[in-house]
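Order as written gives the chain letters A, B, C and D; numbering starts at 1 within each chain.
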Amino acid sequence: MRIAFNRSAKLAGAGAAVALALALGACSGGSPGAGGETSGGAVAEVGVTADTIRLAASQTLSGPGAASCAPSTDAAQLYFDKVNDEGGVDGRKIDFEVLDDGYDPQRALANVRGFIDSKFAMVGACGSATAAAIYRTLSDAGMPFLFPTNGVAEVVKPASPGILQLLPLYEDQTASMVRYGFEEFGSGSIFVVVNPLGEYESAISRAREVAESGGGSFVDSAVAQLGTTDYTPIALQIKEADPDFVVMSMGGSDSAKFVNALVDQNALPRSAVLGTSASVAGSFLSSYNTAASDKVYFGSAIQLPPSAENECTQLLAGGDFANDPIALIGCASAQAIVEAIRQTPELTRANLLATIESWDEEDISPGIFAPVSFSATDHIGLKTLYVVQPQGTEFGVIAECPYSEDENADASCTPAG
Amino acid sequence: MTIAQDGPATTGRGLEIENLVVGYGKAIVLHGLSLRVAPGEIVGVAGPNGAGKSTLLKVISGLLPRTADRMTFDGVPLKRDPVAVVGRGVVHVPEGRRMFANLTVEENLKVGAIGGRVRDYRAARERVLALLPTIVPMLGRKAGLLSGGQQQQVAVARGLIANPSLLMVDELSLGLSPSAVASISASTVATCRELGTGLLWVDQNITILAKHCDRLVLLRDGVAEPVDMSDRDALGSVYF
Amino acid sequence: MIIGDAKNRTLVPSLVIAGGVTVAGLALPLDTSLEYTLTAAIVWAIAAIGLDVLVGFTGQVSFGQAAFVAIGAYATSALRIHLGLPTPIAVILGVGATGAIALLLGSVVVRYRIFGIATATLFFGYLVVTALMGDVLRPVFGGANGLAVPEFELVGSHGKPYLILVCAVLIVVVYLTCSLMDSQTGRALRLVKSNEAVAAAVGIRVSRMKMLSFVYCCILAAIAGVLYSGIVGYLGPEGFGIKQSVNIFAMLVVGGAGTVGGPILGALLVTILPGYLLRDGHISAIVFAAVLLLFLILLPEGIYGLGQRVGQWLVRVFPPLGRLSRRRARAAARSVRHDPDAATGTVGGASRAVDERPEAEAGIPALEIDGLEVKFGDFIALSDVDVRIRAGSVHAIIGPNGAGKTTLLNAVSGLYVPSRGDIRVFGASTRGVAPHRIRQRGVVRTFQTPAIVPDLDVLDNVKLGLDADEKGSFWADLLGRVATRRRERALEAEAQWALDAVGIDESRRSLLAKNLDLSEQKRVEIARGLVGHARLLLLDEPTAGLSVKQMESLGATLKDVHARFGLTIMVISHHIGFILDIADEMTVLDYGRVIGNGEPAEVLARPLIAATFMGVEAEAADAPGATVGTEGA
Amino acid sequence: MGLYISAAISGIAVGLLYGMIGFAIVMLYKSTGVANFAQGTLATLGAFVAWALVTDAGLPLLAAIPIALIASGMFGVIVYFVVIRPRASAGNLNITVRTLGLSLLLLAVMEWRWGALAPYRYPTIVQGDGIQIASVVLPAQTLLIAGVAAVIMVLLWALFRYTRAGLSFRALAEQPDTARLLGLRATRLSAATWGLSAILGTIVGVLLAPSAFLAPSMMESYLLFTFTGIVLGGLTSLPGALLGSVIVGIVSNVAIVAFSLEAGVLVVFAILLIVMAVRPQGLLGKQEAVRL
C-alpha cells in the first residue's frame, strides 16, 4: 500500500456521467443528472483550507521507469504522513495525491490539468520529458512545481516562474565529472554514452567541451534508449575505441547493465567510468557487477551514506527503500517543501515561491542535501556535487565538487573527510 | 494369407442411420437420410458433386453437427467427436487423400495407428502391408512425393491400420487414371473382405462402385435411394 | 473470419451514438479532468473508427495505429511551429504527409497475410517512436523532450469550445465513414474481406482496395493526431508507442468491429475507465487487460453487438417496437426503389441486347484457348488445352473431379497465370492482363461454393457486380446518399432487374445473403454476374448441391437469360441431363487434357468419353494420360 | 574487423534467444494458426517464478528452475483451456488478439506484484570469465545460451522425429482436419503445445535475465526482433525461425556497432520490409497456395 487516494467523490460523479453518456449513446434519450465535483469553501488560495494543504504529483508508477522513480514520491508520502502524525504544518494536514503518468508526457499534462484547480502545489517527480511537458502549464497557472528531477535546461534556464529544482542539470554534471576525472587521473580521451534523459545532446557536448579544453580528447558517443536490453554492442565499440574515460548519463539499471557489459567484454576504460546522478539509484546497486566498483565514479546530489541524524534516514531505514538514493531525495525534498511552507507567513502560491527564492545557503535537509540557494533568476538550488563510488550495497562519498553554472568556474574538488 | 488375431469382430449390427438431417447454416444438405451398413458389408454411395456424399461421411465421423432419429454403430450411438468415432472402429479416408505430405509413408501409417489407438503397431503394420504389398517399397519416401494413385493406396492403408470395423472411403477415384482406379479399388475391396471390415464407399464413379459393391445407394435430393445394380440404364441415369 | 461480420446501415445508430456523446459532453457539468478525458476519448475514437474500416470492414489488421496518430500530430505541429504556417494549411499538409507515408508502407504490407501485416505495423509503430526520440529528427520534433504545441485559434486548447470542435469532427467522420461503408466502395471492401480471389474475379483491384482502406485508416489517425496535439498542448514520443496502438485496437474490440459507432463506445470505455475512474496504474492495467480478454472471449461483437442484440430482444418482447422499425425500413426501401428507367439510364441494364454484339455477326469467338498449359510447381494441371467458344453459345465443360475444369476457369478469369499458350476473349489476348481488367471485358465467373458477402444483403451483393472497383467513385461514396443517390438508384434498379431475371423472390432481397439457401445463393451469384456488362459468363458447377427441381429451374433461368441477352455461357457441371438441356457444345477434360469436343449428345455417345466421365468400364488403356495419376498434394 | 566479428558473435547469442522464442511461436502458429504475442511475457513470468522460488522460498537456483519449468508448463496448459479454447470458432485474428490481451494481463500482474523494485539482479547458473578467442570475449553466459539452445534444438528435433506425440504434432500442424479425422486428440495436443511453449519461454527467460535484469517488460523489445526473425525464416518453418532470428541478431548487432542503436532497429525493419516485398514466403517457408 503506497498511495492513499481521495477519489470517491469524483468516482461517483464520473460514474454517473459515464453511465449517462453511454445511455445517451445507446438510445438517445435520458435526462441530465448531477455530476462533477463542487469546489470547497472560500479560501484564499487554491488547495489550501483551514485544515488541509493539497499537494500532488504526477509520477512514473508503471512501465520501465517505475522502479527507479516511484520511491521518490513514496518516500515523500512517508514524510508527509509523519508530519501529519505530528500535527501537520501549522495545524494543516498535508493531503498528497500521486497519479501515474507512465513516463508519458501527455498523461502527465492531463494529470496536471486536473490538479491546477484543486491543488496548492506540485511535488516534483521523476522525469525530464514529463517535466518539460508540464512546466509551462504550471508556470502560466502560477502553480509551484517544487523540486522535479529534471535534466531539460529550458525548464529552469532561464528561470520560469514557479519552477524550482534542487538537482543540477545533467549537462552540468557531466561537465563537472569530466573535470573531476581529469583532476584525479590526468586528462585523456573520453567516450560518452547517454540515455535520452533531458538534453542529452548538451550532456555530450558539455563533456566534450570540458575534455577538449582540459587537454583531453573526445573519441565518440553513443545514445541508447532507456531500457535497452543488450549493451554488448556499445561495450564492443568502447573496447575498440579504447578511451581513458567513459562518461555516462544513464538511468540506474541501464547504468548497471552497461557497466556489466563493459566488465564482460573486458572493455572497462583505463582510468574511470564517470556518471551523473541519474545512475545513483538503488537499481544500480542491486544489479551492477562489483568487479567494476573501483573504476566507477558518480556525481550525486546527496551525501551518501546519509547522515544518521537526518529524519529521512531514520524514516527510511529498514523499509523497502533503505539506501535507495532516489527515496532519500524524495524524502529530503519533502522536508524542504514542508520547511518552505512553515516559513511562509500567509500561505499563497506567490508567497511560497518568494520564500524559496529568498533561500541563501539554507540547510533544508542537513546530512542529505548540501545547503541550497535560490534567487529570482537562479532556480537550481544545489551548488555542490558529491562524487560517490559504489561500495558493496551502498554508495559512499569520496569527494565534493563545487558545482556552478558558470562554465569557467575552476574551483577544484576536495576529497571527502 | 491369414487374418490377424485381433481382427475386427464380425458380430454386431454395424452402422445404422435413420432420418438424418444435416445443413450448413440455412442450406439443408441431407433431408432425413436413412442408411445401414451391416458388418463386413461393402456399400457404395453414388451421387453427383454437391449431393452431400462427403457431408454424409463427415457427419458419421463426428466432424459436423446433425440431428438424427438414430445414428448408431453396433447398437451404440455415435458421438459427435472424431476421436470417439475412430475409437469405435469407424475410420474415414477423406477425399483427396490428404496425405501428411512432409511425413514419410511409414510415419503416415504411424499417425493412423496413433489415432486408432493401436496397441501393437508392428502387428498392425504387418497385417496391412501383407495385404497391400505395393506400399512396402514406398515406406521411406515422403508422402508428398508420391503419385496420386500411390497416395490413395497409402491413404487406404493409413485408414486400415487403425483396425476399423467399418472403413469409409471418400472418392477413391478422384483424379486417378482408370487403370489406377481399377487396381486400387480391387486391392481395397479385397483387403476389406479379407479382414472382414465393412466398407462404406462414396464415389462419383458409379460404375466402379457397381462393380465392387454388395449394394449401391444413390444420394439424390438429400436422401438415399437404393439402386438396382443389374440395370445398366438405371446406373447411367444417375447423372441425368 | 475476422472479428465477426460487419454490420449494415450503421449510419443512424452511429450518428445517434456520436450525437449522444456530444450532447452528454456539452450538457453535463464535467470537472476539468473528466472533460479532458472525454475529449481525449473522442479523439481516440476517431482513430479507432479509422482502424474499424481496416479491420472490421476490410479484414486487415494494424497494430501501429498510434504511430499514425503521432505522425499526424507531429507533422502538423512542426509545420505550425517551425514554418509558422496557418493552422488549416498545416493540418492539410500534415494529414497529407501521413497519408503519403501510409501509402508507402501500405504498398508493401497489404500484400501480406495477417501475421506479416501485424508484425510490420507493430514494428513500424516501434520505429516511429524510436525515430521521434532519436537524434536525427530532434531539431524538428524535440526528441524525448517533446514539442510544445501552440493553442489553436478560436477553440483554444481545452474546455467546451474544444469539445465542440472534436465532437463536430467526430460526427463528420462518422457520417463520411458510414456513407463510405454503405456504398459501392464499402461493399467492395467487404468482398475483399470475405474472399480476395473472388473480389479479384468480380473486377476489384484487391491490393488497391486494401491500400485505400489502409490509407483511410491512417488519415483518420492523422486527424485524431491533429486534435490530440491541440488538447494535450504537448507532444512526447512515449504516448504513441505500441501500448497506445494496442489500446486503440482494444477500443475497436470492446466497442465492436465493423460497426463505425462501436469504436466510439469502446473508446469511451477504454479511455475513461482506466484513465479517470481507476487511477492506480496497476489496477487499471489489470482491469483493462481483463476487460479486453472478456470481450474477446465472451462478447466478440462488442458493446455495439450487445446493444443490437438487446434491441432485437426488446422487439421480441414489445412487438410494437418491431412494427415501428419495420415501417421505417420499408420507408427507407421505398425511397430508393422503383425507378424503372434508371436501369437503362446509367448502368446498362436492358441495353445489352443481342444486336449490340457485333462480334456475334463478325464471327469472333467469345473465347479462344490455344495450347494452354497451367503448372503448379512440378504438377501440370492443364496441358495443351484448346477450346473455342462461339459468341452467344452455351458451352459445357465436363470431366471427372480433378480433371482441371476449375483450373481452366481460373486461367480464363486471370486468377492463374498460364505457363504456356494463349487465351483470347472476344479476340483480345488476356496474357498479362489482371483479373479485374478481364472482368471489365465482360468476363464474369461464379464459384462452386457461392462466393457472396455473407454480411451484406442480397441486393447489395448483386450491386457488387457493377463497377465495384472504386474508379473515382470514392469521393462521391464518401459523401453518401447526397452524392450517390442517382447512382445508387441505378445500381438498385439494375440489381432488381437481375434478381428478377434469376427469379429471387422480392421478399428475400433484403435478407442478409448468409440467410439464403444454397440454390438462392447460387442465383444471387449469377445475378451479380448478369449486371454490369457481362458478356461471357463462367459458371463453376452451378448445379452442385441442388435438388433436381432446383436444377431444372436454374436451367430455365440460364436459358432465359441467355436468350434474352445473348450472353455467352461457359458452364462446368456434372449433370449430363442439365448439360444436354442447356448446352450447345461441350468440351470433355481428363487429366488436364481435352479428350472430346463437340455437340453434347454426340460427344457423350463416344465410348471413350462415356468410360472416362461416367466410369463405365471400358478398355481404356489407350486413354490419354493413362499413367498412374500425377496429381500432387 | 575484430569489432564486427565480436558484434556478430554476440549477435548470434542474442539471436539464439530470439530463435528459441520464435521457435515456440512458430510451433503454436503451425499447430493452431495463432501468432502468440504473449510468448515474451510468458518467458518473463517463468523467469519471475524461478526467481521468486530462489528469493522467497530460499531454494537453490538449480532446484528452482525445474520447478519453474513444470509450473510454467502447467500454466501454459491452463492458458490454453481458459483463454484460447473457449469459443475457438471466433477466428484466428480474434484469438491472436486474445494472446495480446493475455500478454497485457500478465504484464500488468507482474508490474503490480514485482514491478515496484524491478529490475532485479538475476542469479546466474554459470560463473566464470568465459573464454577469449583472439580479441573476442565469449562470456560464460553466452556459452551457456549457445549450449542450452543446441541441447533444446536436439531434444525438440528428437521429440518431433521419434515420439508419438511429436509425430502427432507434425500431422496436426500439416493437416489439422485430417489428423482429427484419423482420431488424433487435437485438444490435448494443442494444450501440450501451449505447455511446451511456456516451458521454452521460461528457459529463455532464465537465460536472458542475468544479463538483461529481471523486469516485467524485459522481453518487450525482443518480441519485435523475434517476429522479424520468424517472417524472415518463413512463418511456418521451425528451423527457419531459428535461422531468421540468428540473422536478425547478427545484422542488428553489426549495424549497432557500425552506426548506432537506432540504426540497428532501422536495419531490422528494412529487412522485414524487403523480405515481405521480395520473398513473402521467407527463407525456408513454402509459398501458400491460393484456395478459392
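As a convention for this text, contacts are C-beta pairs under 8 Å (C-beta built on N, C-alpha and C of every residue); 3 or more make two chains touch, one makes a residue touch a chain.
If you're wondering where the values come from, they're calculated on a predicted model, not measured in any experiment.
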**OP:** Name whichever of B-D and A-D has more C-beta pairs touching across its two chains.
**Re:** A-D
Original post:
What is the distance in Å between the mean C-alpha positions of chain C and chain D?
Top reply: 35
**OP:** Please compute the C-alpha centroid of chain B, do the same for chain C, then give the distance between them in whole Å.
**Re:** 40
Subject >> Overlap residues in chain C, where contacts from two or more other chains coincide >> reply: 130, 134-135, 281-282, 285
**OP:** For chain B, jot down the residues that touch at least 2 other chains.
**Re:** 99, 101
Original post:
Can you list the residues of chain D that touch 2 or more other chains?
Top reply: 111, 115, 260, 262
Original post:
Could you list each pair of chains that touch, in label order?
Top reply: A-C, A-D, B-C, B-D, C-D
Subject >> Sites on chain C touched by chain B in the complex >> reply: 400-403, 448, 514-518, 521, 541, 543-549, 574-577, 580, 591, 611-612, 614-618, 620-621, 623, 625-633
Original post:
Considering the complex alone, what residue numbers of chain C touch chain D?
Top reply: 1-4, 55, 61, 63, 108-109, 111-116, 118-120, 122-124, 126-127, 130-131, 134-136, 195, 197-198, 246, 249-250, 253, 281-283, 285-286, 288-290, 292-293, 296-298, 300, 376, 406, 410, 415, 447, 451
Subject >> Of chain D, residues touching chain A in the complex >> reply: 2-3, 6-7, 10, 14, 111, 115-121, 130, 132, 135, 137, 139, 141, 208, 211-213, 215, 217-218, 220-222, 253, 256-257, 260-262, 264
Original post:
For the complex, which residues does chain A have touching chain C?
Top reply: 3, 5, 7, 10-11, 13-15, 17-18, 20-22, 24-28, 32-37, 61-62, 66, 99-100, 102-107, 109-110, 113-114, 116-117, 128-130, 132-134, 136-137, 152, 196-201, 223, 225
Subject >> chain D-touching residues of chain B, taken from the complex the two chains share >> reply: 61, 63, 82-83, 85-87, 91-92, 94, 98-103, 107, 110-112, 114-117, 158-159, 162
